[in-house]
């Protein structure tokens, strides 16, 4: 227990120090890592803990991003106030999408969410919604300055803001998942008939799980929009959903720390892949994906768990 | 010796079910494998067919088959009639039978064999175009045995053929099995919980308890054995 | 009225393509209980292969046959080398591998052939047009689709190998007991699915133009079709394909406009899954408690 606290403190300390040691661009990249980590946490709540596959979570990321962009650009709402709105909207959307999800198992849910992921850009480009969504061109938003005249440039401020939100969301998730609700979800995932017989209302939990997972991914989308300063329909195509899925597979299912490892992977590996092959970076990405599934099926988090368990018993 | 097993061990995952079993099947004989639920009878048949991880030695016609794949063992002439019958439920009766002959090289003879096999089980002839899943339990059992016969096997392994069948049907099935042995010269190994019926049919028998052979001999010997009579024959 | 008839016919033509792809999906699902998310990209890649051959001067039909044959082999290869190692892994791992395949194929195509849209020839002469209702290609596409479907039906129904494949898909354990090499049956199934996908790709390319992302929407329609018909029913997939094709065209032209056509697929998929998950021709699965 003490070891964990020490480790967390060290990591946090490092996290706080990094923006002052690295360039603005790297800080921006780290901000995106945090954004992806929150998104992956959301997806993990659904897939890792509830055992439901989603190939369309990019749609909720897009929803959160567009909420923020529209509120900031069209209604002048301050960036931090858009987060709760994005959270609420995405929770409701997720819950509603999740309601039919009670009936669907594994592959069927994957299909339905895949459809959602593929259809999203088209929905966003719909010309009747153009006056809000900005159509194909999307919406541009301003990067916020540090408040109260703090001596931080916008990139660093945004990093710390995102870090704060991320910490809050991670703590919330941890309490949620380690408590009764988490156990209920795992019970539903592993043996849903038995869980029902014991009075765990699978239907409600599953929909709520979907809602919460959408909420997390939506908040991530909102933060991502602020960081990137831009939303456009084609940035939220099916590949985003697939990338998120890869993130949790690589990071490790049913693992909170896995979200962080996965986030590092999806932020930096495409860059590395790009350097290996300018022309077909995604192909390299795909090869990495297959490699992970074959060699490290429980993800990085799982592998670390195995290693530490071995060391402890040795 | 058609088939010999030496120090056969087998199990599922971490659990060991067979702890070193020895037995032999003579050509042209019917051998029974008796024992209670969970003793390891089904596992033994599965081991012979390469369906579970095994240790020890199995020789079929002198050749070692303990490391061979199921599909290859089948091609050597071993037909396995599994517990639960293993019927291809959505295919027709005739398709099930033709599948039994899938691995055979002599395609011409398959047609004749089909008729001959249906001769043993006329009720199947009536139902040959019917979907196999609509057959009754007894009919599916006959289908399973017929499918095994379509292989033109040297050895037929039958796993609990009497399971779920009315006594009259079992008697009928077993007399057909006897006829098959006479006319086709097929050797058989029969796994049965119904010890009484099995001992009527078989020449030799082995008794397995918790993964070990505890008794063996001719069926006459086993029938008159006191322990067997009390525990397995009920008198 | 004429416009409606034209949309119906066009819908029928694209429906045949959805039917073919849906059939490929169902074939793999029946054998493995997995949905091949990469089916569309495999078809796209095959179509690019055909394009290369035609561009190099090969006559259309020769390129067609060669592409189908090569796609068959690629399908077998993918099953044996990429899918087999993860056959018994948890669903998520397998889905990830499929996705990886999708991504790799898409990216490779973009790299080798660039993202510029290319035109793909139609082999059907203008004389084949059905008046004003159907273009020669539409007529030809339906014809080819029907031939392929009939050939597949005959193969599975009347040949010993087809029987063995059906058996292996249904009951792998019993299949081994009659000497069927189940692994190779799976590979064969993938090969056939890939071949069918290649035909679908080559039939649809003249209509939507060749580009690495051309199959995304089509795959979605194929999914919808497969679900509508019943994910484990080949006949259902075919009928579903034609229904989806007609619905897409008619709704797109007269009701919701072409922009939201993909959403039609989305709504259809969700609708089917809600109302009748086993589709119209599939078997209702009762899970034993």
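For clarity, chains are labelled A, B and C in written order, and residue numbers in each chain start from 1.
Here is the rule we use: contacts are C-beta pairs under 8 Å (C-beta built on N, C-alpha and C of every residue); 3 or more make two chains touch, one makes a residue touch a chain.
What you are looking at is a predicted structure, and each value in this text was computed from that prediction instead of being measured.
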Chain of greatest Cα-centre distance to subunit B
A
Can you name the chain whose C-alpha mean lies closest to the mean of all the C-alpha atoms?
C
Could you put a whole-Å number on the gap between the CA centroids of subunit B and subunit C?
43
Chain centres from averaged Cα atoms put subunit A and subunit B apart, in whole Å, by 56
Report the inter-centroid distance (CA atoms only) between subunit A and subunit C in whole Å.
32
By the touch rule stated above, which residues of subunit A touch at least two different other chains?
none
Subunit C-facing residues of subunit A, complex
47, 53, 55, 100, 103-104, 106-108, 110-112, 114-116, 118-119, 122-123, 125-127, 193, 238-239, 242, 245-246, 249, 253, 277, 279-283, 285-287, 289-290, 292-294, 297
Under the touch definition given earlier, write down the residues of subunit B that touch subunit C in their complex.
49, 51, 70-71, 74-75, 79-80, 82, 86-91, 95, 98-100, 102-103, 147, 151
Using the touch rule from the top, collect the residues of subunit C that touch subunit A in their complex.
33-35, 37, 82, 85-86, 89-93, 95-97, 99-104, 106-108, 110-111, 216-217, 220, 223-224, 227, 259-263, 265-266, 269-270, 273-274, 277, 289
In the complex formed with subunit B, which residues of subunit C make contact?
160, 163-164, 166-167, 170-171, 173-182
